[in-house]
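Two complexes come next, and they have one chain in common, chain A, joined by chain B in the first and chain C in the second.
And then the complex of A and B:
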């Protein structure tokens, strides 16, 4: 049982950090499909940072810097140049996946993956079987709580939601929707960097080209499934992690009966189901073009 | 007319923006940016034989991109072209196994129809979920891409596996030479004919039929179309199915033409590139043809770069991604310079 919980926490934690980034963007009215790209930039920058500086703290700071820069670029294109957020987000994802592949090739030669000597510190033997988990896994519930407080219990969170829901009304009380989006995407950048760092350096300590494999998109789906509420979206991300872990479990048990490539599709199938269910619960079909674009454009 | 020309100019301005961003990324990753961009241009259009190579990539991309344009026009963000492309190729490959030994003039059309049906099917379920339950199609089609990718891995290493295949990439048994519609260079009269036919039919559909006009209106204002008595869900579902069928057709062409087999993870950037082509062309069928040649050139440069210039092929992915980042941008400044009024579609 412990093993399953550890597996779920390991695969779920990076997803949850990135999901929280998506929640903040969503509340500011931005559909952030760049999460996948931000996550892989965070993962790559962490491993490269460890190799270059020999310090995990410096590596994570580098990752945060890169992800925030990429988020600001996304903000500039969406908010200032009024690009379509979905297409621009997919563009940022492509830039992240391609750019990290290019960077790894140019820094380490033509290697498909890079292994770092160490990763994020572990909890240690004091936690028994759970000691193999990294400290960012342990920090995750506090971060979720912190984001919940920020979004639901502070003046900033209320203004953020107002800017996302109705930018014109928010402007009339003195809030600046454009700046709010910048802040939201930047906080998201920090969270994506941590999520990427946890993915690459939490338990594995290596970076491979395209290693996020759709986790960023899954995080985005968790945002929609969880109705862009921090706790709801976290639960949705956890649900995807549970389905993934059970899928791996099923591979071990019935691997000879069901082809494992098809079992790997379970989390994606669960995502479709989750989004369908959330649409069903809220009811009614909206035209995509009406809410994908920023509302004041 | 003048306005549509200016929209093209605006697209080009943002493509130039994107190239500058690429140059920065290349420089940052430790390459010489001018050398890189020159090598890309050389691989795409300048060296001898490059144009033929570019056209080989442009034709399937054009077919998928026209389909993407149809669903975008109707207001549906079907970004699942990649998955529909794969499922189309998979269905054609299964049909090829089933009809083995039949006369070519019957089998070839049958395979093409099977591929189109496969692509249409992979667009049908997100379409139904969207129009029946309001499930966001951006996510369902995206997840469909991942699932189709895994399905491709499964069939190429399972039911369709080529036992004599070596190397890392699992692939299907090769298609009989009698059923191939081109050699491995991929530029044959059949493929050109199919692409031209698709272009003409879709141009007529968009510009000369009630369906085309209503679907485009539905993309701008669904409620109005509904009030005028058109069935929104019919229009929507048809545009999903048409775009899926065309992506499936492109997958079938790649299978029956240049590739001759399907391999796990083949042409992973096809769908995304097709989306870009449709957007660069502003969803216009004629413009799509021109944009397809440009992106076809980039696709052929992706093969040329690592072999001839010793540069990584990921450079092309970065150029494509940077163009995606900027292509839908509408800067007030640029519009003012170009004197484009109002809100462009």
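And then the complex of A and C:
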């Protein structure tokens, strides 16, 4: 049982951090399809940072810096250059996936995966079987709670939501929707960096090309499934992680009897199911209208 | 008095340009504190722009704004709010998913911090009670009736110590009794020392509430602020309309256009003209609930050729769903719809249009026209949709036909290749009329056909609808302007909560129509 919970937390934590980034962007009115790119930039920058500085703290700071810069770029393209947010987000994903491959190639001279000597510190033996988990897994519930308070229990959160839902109302009380989107995407950049760091240096200690393998999109699906609510989206991300862990479990139990590819596809199938379900439950009207209002600005 | 009080709000030679368009031109006006000031003018006169400059939402091209004698930085909402200027928008600016308490909090300034749901409701309960807004603070904005939403928007504007409260066309969305409630609220604010600036476009409302009146026309100040005792309705009407246009309107039409008197509709109503079998016949029509508006609940409606039936009602009581049901865009749960004798209950829109259904839709720029397409493409959509998909088109011939039609409708345009988005509101509406009001039209739905149009264009639309009626078309007119409904309708049907809540014939009585708009018990048939 412990093993399954550990597996779920390991695969779920990076997803949850990135999901929270998506939630904040969504509430501010930005459909952030650049999550995949931001996550892989965070993962790559962490491993490269460890290799270059030999310090996990410095490495994570580098990852945060890179992801925030990439987020500011996304904001600039959407908000100032008036690009379509969907296309801009997908562009950022392309930049992240391709750019990290290029960075590894040019720094280490090969496209092979890069293994770091150490990763994010573990909880340690004091936590028994769970000691193998990294401290960012332990920090995750507190971060979720913190983001929930920020978004749902402060005036800042209300203004952020107003900027996404009704930018004109936000402007009428003196908020600046453009600046709020910048703040939202920047906070998202920090969270994506931590998510990427946990993916590459949490339980593993290496970076490989394309290692996010669609997790950023899965996080985006969790945002939609969870109705842009921090706790709802976190639960959705956790649900995807549970399905993934059960898939691996099933693989071990049934071996060859079930096609291996089908089991690997389970989390993705769960994602499709989740998005379908959320569309069924809410009609998907709200998201569409907030996108229209963003264009209206 | 040797030292007159400083004006609460003063605009000094304010000019606003949006691209080539001048919305306000050298407007200089000052409002004395503690009074109720009306600003009037037709659509496009610059009233909303004036309000937005004062509120900091629009940066003027030139000029300055003083509040209580102090110049404020223009173009910054936070600066205007800090000086005590607050604006209540025409179509309220409230995020629909927010609860009442959240709506109050998100606009507040000063101490914030982390709140709890209960704490937030406590914090704002006394504020709302003090303004006589009776509402559960945990309900969401989208679930509240329009009068309550307006009360909340006013309360939202008063979360800080507002000294100047501007309300942009607050009466446009209200029922007659809602207007009375609003005016009572405004008078109480005056007693509290708030300077209130009401943007209005009906003269009788101005005369009923304001201490002074200022008239704007074509972005310029024509007159004002004049003490209300010194102006007659007659003079005000001419100031609003302008001498040039006033000459072209008959007196009765002008009075309906500027809302001089209590509307009685003595000039309308020729139900005896309407003979023959119904063009539209809806029997017990109910629609399935969907996200786009409230569902219809057992609507019975008959319109005969040669009659204009007006639909009155506070916005959001099923008028949009009614149009969607007739145009096959809403799912019926029960009931039947017949057009010109044929059962079209399950028929698609194309089949209904082929019978003679025409629609002047609510949203001119979204549903009515493709702003990025050319005029001839917009104009020809009707015919092209009716032909087969493989029908070969000769664009030059279509353009010629389009030119002929647009000239007939006196649309001002350069050539038929220009984009529809480049036209003014009145001309854009004329393009839609040119397309929808053709000789094959048997039922014309005119949904808010004059919203946002100036007086000349409004009179043009009314005339077009009357002519279509006289040719024998049936017309369903949906409007939130009772003057308009009473002036040109032969019958008025009131909608409330997706139901028909009363039917009236000319001469219309504003009190009983108003009662039917708000009160389910007033089910009468005059």
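Following the convention adopted for this analysis, the second predicted complex is superposed on the first by the 284 of 297 C-alpha atoms of A that agree within 3 Å, B and C clash if a C-alpha of one lies under 4 Å from a C-alpha of the other, contacts with A are read in each partner's own complex, and residues count from 1 in each chain.
Methods note: contacts are C-beta pairs under 8 Å (C-beta built on N, C-alpha and C of every residue); 3 or more make two chains touch, one makes a residue touch a chain.
Model, not experiment: these values are computed from the prediction.
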item	value
First, second, both or neither for A:214, with chain B first and chain C second	first
Chain B versus chain C as contact partner of A:153, first or second or both or neither	second
First, second, both or neither for A:178, with chain B first and chain C second	neither
Which partner, chain B or chain C, touches more chain A residues	B
Which superposed partner A:235 touches (first chain B, second chain C, both, neither)	neither
Partner chain in contact with A:279 - chain B first, chain C second, else both or neither	first
Touched partner set for A:169, first chain B, second chain C, both or neither	second
Doubly contacted residues of chain A, that is, touched by chain B and again by chain C	283, 285-286
Chain C partner contacts - residues on chain A that touch it in the complex	149, 153-156, 158-159, 161-162, 165-166, 168-174, 283, 285-286
Residues of chain A touching chain B in the complex	31, 33, 73-74, 77, 80-84, 86-88, 90-95, 97-99, 101-103, 105-107, 110, 214, 217, 220-221, 224, 259, 261-262, 264-265, 268-269, 271-272, 275-276, 279-280, 282-289, 292
Partner chain A, residues of chain C touching it in the complex	55-57, 76-78, 81, 87, 89, 93-98, 102, 105-109, 112-116, 156, 290-292
For the chain B and chain A complex, residues of the former touching the latter	25-26, 28-31, 75-77, 79, 129-131, 133-140, 142-144, 146-147, 150-151, 153-154, 157-158, 219, 222, 272, 275, 279, 312, 314-315, 317-318, 320-331
